[in-house]
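Labels for the chains are A, B, C and D, by order of writing; each one numbers its residues from 1.
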Amino acid sequence: MLHIRIKPGVRLSEQPEIGHNRWHSDIPFLASLMPGDEAIIESLDFLDAQIKNDDDVSDIRNIDLTLAHPLTGPFEIIGAAPGDLLVVDIIDINPITPIGFSGNFSKDNGGGFLVDYFPDPHKAIWDLKGLFATSRHIPGIKLTGLVHPGLIGCLPSYELLTEWNKREAPLVAQGLAKPPCPATAVLRGLKGNKFDQMAKEACRTIPAREHGGNMDIKDISRGSRIFFPVYQKGAGLSMGDLHFSQGDGEIAFCGAIEMDGAMHIGVDLIKDGMAKYSINAPVFIPSKIKPHYENYISFQGISVENGVNYYMDATVAYRQACLKAIDYLEHFGYTRAQAYLILTAAPIEGRIGGIVDIPNCVCSLSIPTGIFDQDILPK
Amino acid sequence: MLHIRIKPGVRLSEQPEIGHNRWHSDIPFLASLMPGDEAIIESLDFLDAQIKNDDDVSDIRNIDLTLAHPLTGPFEIIGAAPGDLLVVDIIDINPITPIGFSGNFSKDNGGGFLVDYFPDPHKAIWDLKGLFATSRHIPGIKLTGLVHPGLIGCLPSYELLTEWNKREAPLVAQGLAKPPCPATAVLRGLKGNKFDQMAKEACRTIPAREHGGNMDIKDISRGSRIFFPVYQKGAGLSMGDLHFSQGDGEIAFCGAIEMDGAMHIGVDLIKDGMAKYSINAPVFIPSKIKPHYENYISFQGISVENGVNYYMDATVAYRQACLKAIDYLEHFGYTRAQAYLILTAAPIEGRIGGIVDIPNCVCSLSIPTGIFDQDILPK
Amino acid sequence: MLHIRIKPGVRLSEQPEIGHNRWHSDIPFLASLMPGDEAIIESLDFLDAQIKNDDDVSDIRNIDLTLAHPLTGPFEIIGAAPGDLLVVDIIDINPITPIGFSGNFSKDNGGGFLVDYFPDPHKAIWDLKGLFATSRHIPGIKLTGLVHPGLIGCLPSYELLTEWNKREAPLVAQGLAKPPCPATAVLRGLKGNKFDQMAKEACRTIPAREHGGNMDIKDISRGSRIFFPVYQKGAGLSMGDLHFSQGDGEIAFCGAIEMDGAMHIGVDLIKDGMAKYSINAPVFIPSKIKPHYENYISFQGISVENGVNYYMDATVAYRQACLKAIDYLEHFGYTRAQAYLILTAAPIEGRIGGIVDIPNCVCSLSIPTGIFDQDILPK
Amino acid sequence: MLHIRIKPGVRLSEQPEIGHNRWHSDIPFLASLMPGDEAIIESLDFLDAQIKNDDDVSDIRNIDLTLAHPLTGPFEIIGAAPGDLLVVDIIDINPITPIGFSGNFSKDNGGGFLVDYFPDPHKAIWDLKGLFATSRHIPGIKLTGLVHPGLIGCLPSYELLTEWNKREAPLVAQGLAKPPCPATAVLRGLKGNKFDQMAKEACRTIPAREHGGNMDIKDISRGSRIFFPVYQKGAGLSMGDLHFSQGDGEIAFCGAIEMDGAMHIGVDLIKDGMAKYSINAPVFIPSKIKPHYENYISFQGISVENGVNYYMDATVAYRQACLKAIDYLEHFGYTRAQAYLILTAAPIEGRIGGIVDIPNCVCSLSIPTGIFDQDILPK
């Protein structure tokens, strides 16, 4: 069975043959798999080995986000053609170093969903022990892993790549999206003219797009099956950004429990599956095996913020639910920053409530109470 | 035990003593409960008996939405004071007529989350049989009830009511929110000057607000416990809009499986609980007893719509996930309208994925496959 | 829809037209159902209204067990013939009086699984409130209903009845089984010669047999589907002994949370299903909706009792597990009798562990910790 | 962290320093752990490397059962004293070779729960792939691992050892239990007089006893916490017989999906815990993470076998339930032997139903339907 090994703790730029940190249609394949094959594929943490196992937040404060995400791949799936569905079974995922990290970026460099409320960076280091994670920076909680890839998907076609650049340009112009950045791009070791040409149009990996990519969906956990649209001959499957655990939204951006890990996958094809099922974005079957919590405490948010009533805005509503949960957790001995990191790292459920409750929208956020070693229900 | 009975099929305006269809701080109490008491409280369907058990969609097309929502209450909780938390246990909920309905409004009258894609109204009638619901209008599916109140909450203070009117005014001016509407207001039988004065400032019930109200959160199902902020002496708890089942978002607006029903509740108080736990919106503990599904098929949406890339917009992302699910269900013999109604009525999970995937946001929508009598997975 | 009503609190002998308390092939049908029909069928508690809502245990001490079980039926299923499978959907079950009871019989009159350890009778009265039950006799616990029929099945053929009597005769001779008992038999109001002839060969209802009958399987709860062998033209379905909740084994015999209730069923047929699937005893599909517990504490028992090592004896092993759980619960403020009643009434899981661990057998007993209002884990 | 490595495929007698295959109070400790420590402990398959990855059943037919079970240990827990509780957290378990096996022994050599119905041996080899197992010998099923130790426990005191030998002697005399067997005993490399003296009184490992041992309880799966009685200074924890998956009862004896594996544990102590909680046999808290099945098909058995009615005999009742499930599975393309191996290896639930259904007892056996790639419900 193919096993792609990486060097943990070493930047992608120093082992460029294993992958890439930008999306482009023409990145050369790393290896080939037949439908029915399995492989074990290792990948670096999403910040490309910049974070240290210490109590100093300066690595997060000074992060170079243009290094994200070091992906392993792309893999050719023999026989795959545009219009097919690539079936990926996540047979298992495990850390390859016993340490993970979570954090939130500073307002000046990175930001995040609650950046206006948390302008300063914070960091938590996690000890990954078998099925569980604990952190010396957030005492009193123990998370059962809901291990998943934050980022997985196939190469875009050149047409799709062009469309991405085009549609993101207005947001780039406003500073709300990131343009290609050749300086730190890695494209599987390409150099010279070919690299120069591709790097200036190679899309950043942070947003999820219709090929999947940085979906950060915690429920695509080990044991899941995913159906990906194929846009290129050979598909070009890549993956990385492995998470030991994550809450819905990955709200602190830096982010889940981030780790170096190994993903055991199986691949298969459904020929012409895109048209057969009208699938043009990833579809998945969640896993049968995942942490199983009985009790939650749930918070409600509506799309009213700072006295302004937003029209059916789920983003605002979810942010409000997050803030209310943080307010609450303070009463149980956590700092606001610790509470923020709990919400980003623990398997919290962020659900959409009434979305036609004109003009408001409702979201709920549910925290599994079983992660705490104290009772956190109101009495 | 107090049992408030209503006449099913009879408009609230013809039995005005049981409740109200607007929010105001000064609506007189219907009855009083002591902390520790239980009560069974019946309520009308959310459209105030306007929908008929037939195959004709004209009742939905011509709906008078100003009649929504006929609520039963308000109930005084003896000893409740502003700053307390009102604890409500949902001991059970059952239909009182064996018929429910779902539908989507027309673009001209009512609208909804997918109105631009479904400008014409549709209707499905459900047979409610014990724990289950089936519909002659959507063959091949059987839903296990996740029975819950769409709407529940306490009276606002007058200051809060004033704030609501103020902050919603800009959206009212744009036609994106609904102003008070005295013509069809019912305020527990009040008449004359008192009614006239209150009705012109009494808020509509459609949006959820910080008191709870029309939250349409399916997970506040029977067996749940809710903690409500108290804004008024006596609290003033009201409820209605009972749902036999609903998908996250209640995306068709008209809406869940709507029904006349009876809610068995218990009430208690946590004195000064709002400050004690920093709670200023409903908090709840979901039920231990609810339908239990193993297998889901999940769809992903990103905040790109009609070629435009929206900045971290969960509302757009969830709409895209909904549309992709509808596209998919067409391949299994459903019309697009039937698929829309399945998503609004079945216990689908609408979750927030990466919400910092700058510039996009990701949402997922998961359909329990066990509701179908056919296999709906891709092969 | 057919609705068979009973008079709660009134002995079967005073409303004999509704059912029977013995099994015989020739009991006349109470009513007829077509395949596809639904019905609501009420039944008396399994002790035929002998138990009072009080704190006095003398009703249990002096019980007349020959009155058990008052069943409602038998129902003819039109078209059913020997060799078919009768499909029964349990659409819902609800109490019709808000009171249930649990108890253990005295050693002199009734006995039970732990009779040697609990020779004296005890009783607990339960308040049934919506989805939940609490008891003034066992403070500090709250059970979520796992509502099910303790007894359900079809009439035997005359040949099968004869076989039952024959195979039970040796145990009757040893006092380990109960013979027919005409004195208190009710056979749907039959009288005279016909009654006399049938009553002397009509089997008691206490043991489960291959037609189902008194299975006391908690997982045949509301929402389940059962497939019953048909032995008679018309099938002859009868049911009773409704339980609001029960632990595996129903170890106190008197027994679960016993109640008067109404069972909403649907019926259908699989023609020649017995041979088609080699089914000659009930097969069932458990419900999708039942209480959902995350945390259990589990006890192990082996087949060693009072210093004697029994060969692979699951009965002994389970009894030992029960006793160990009772020992444990004493440390949390319960008397041994209360603990016994908790195990018989709460949804405990009694599982078979290694059954080839020659010479011992292992059983485990798991108690859901969420039923207690205190933490019952070892620290 | 301590990591005890073994040589897979090599008999314990050839690496005797790692463990033992008999129980005795005086086996020297392999290593020491402090309360709070973690360790990774590898162990051999329960048949001590006798089974080959092939299609030939002769290895099972000719098995030397006196080699069972090769255990790794015993481990001293520093500070443990008789009367304490040893707390063991199962942090993870993984195979160390990607192959597992299941089988049933022949009637002449080994036997098993259904030996009278399956006198000839059978074997199935499993491929262990991440979270899943499949077998070329049982096509069409895929098991999600419920990984657990079949055998784990502490050393007995000498008094307890003496009691074991004494109480098992009558069954040994009848050929229903196995006596000590010095010829193939391994006691951590002991030799000479000390070995000779101990080996003739060292108990076989097959039965579970009050210290735990060969419990074969599938629900003590990874993620569980176990509380063991301590009988000896230092406790002396040993373990082995790791299972990738198992059905309740492990009915084929040879047995679960047997494997070489590594168990990651943490240990702690509750001083004087045995008396504090009246615990004299293992108590455990099942895992929060395990395969999660929605749909089961369940079979009922009663304690009637070959026309004989046994008195409240759960062993007979469970055997009947097993046989009925095997009869049923034949209709879906499986041989009886394959069906037997499915029941022993898949996570079936074997529960005790009414155990006071005098004279019968009821057991149920539930098979998760999701392990099959076909629909196995009756239609």
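Basically, contacts are C-beta pairs under 8 Å (C-beta built on N, C-alpha and C of every residue); 3 or more make two chains touch, one makes a residue touch a chain.
Keep in mind it's a predicted model, so treat the numbers as computed, not measured.
When each chain is reduced to the average of its Cα atoms, C sits farthest from subunit A.
Over half of the residue numbers at the interface between copies subunit A and subunit D are found on both sides, making the touching surfaces mostly the same. Computed from the mean C-alpha positions, the centre of subunit B lies at a distance of 51 Å from the centre of subunit D.
Inter-chain spacing, taken between the CA centroids of subunit A and subunit D, is 40 Å.
The centroid of the Cα atoms in subunit A and the matching centroid in subunit B are 32 Å apart.
The set of subunit C residues that touch two or more partner chains comprises 288, 292-295, 370. Residue ranges on subunit A touching subunit B, taken from their complex, read 85, 111-113, 150, 167-168, 170-171, 176-178, 206-210, 212, 214-219, 227, 248-253, 255, 270, 273, 276-286, 288, 294-302, 304, 307-309, 311-315, 317-318, 320, 324, 327-328, 330-331, 349-364, 366, 377-379. Within the complex formed with subunit D, the subunit B residues making contact are 292-295, 370.
Taken together, the subunit C residues at the contact with subunit B in this complex read 38, 91-92, 129-132, 144-145, 222-223, 264, 266, 288-293, 370.
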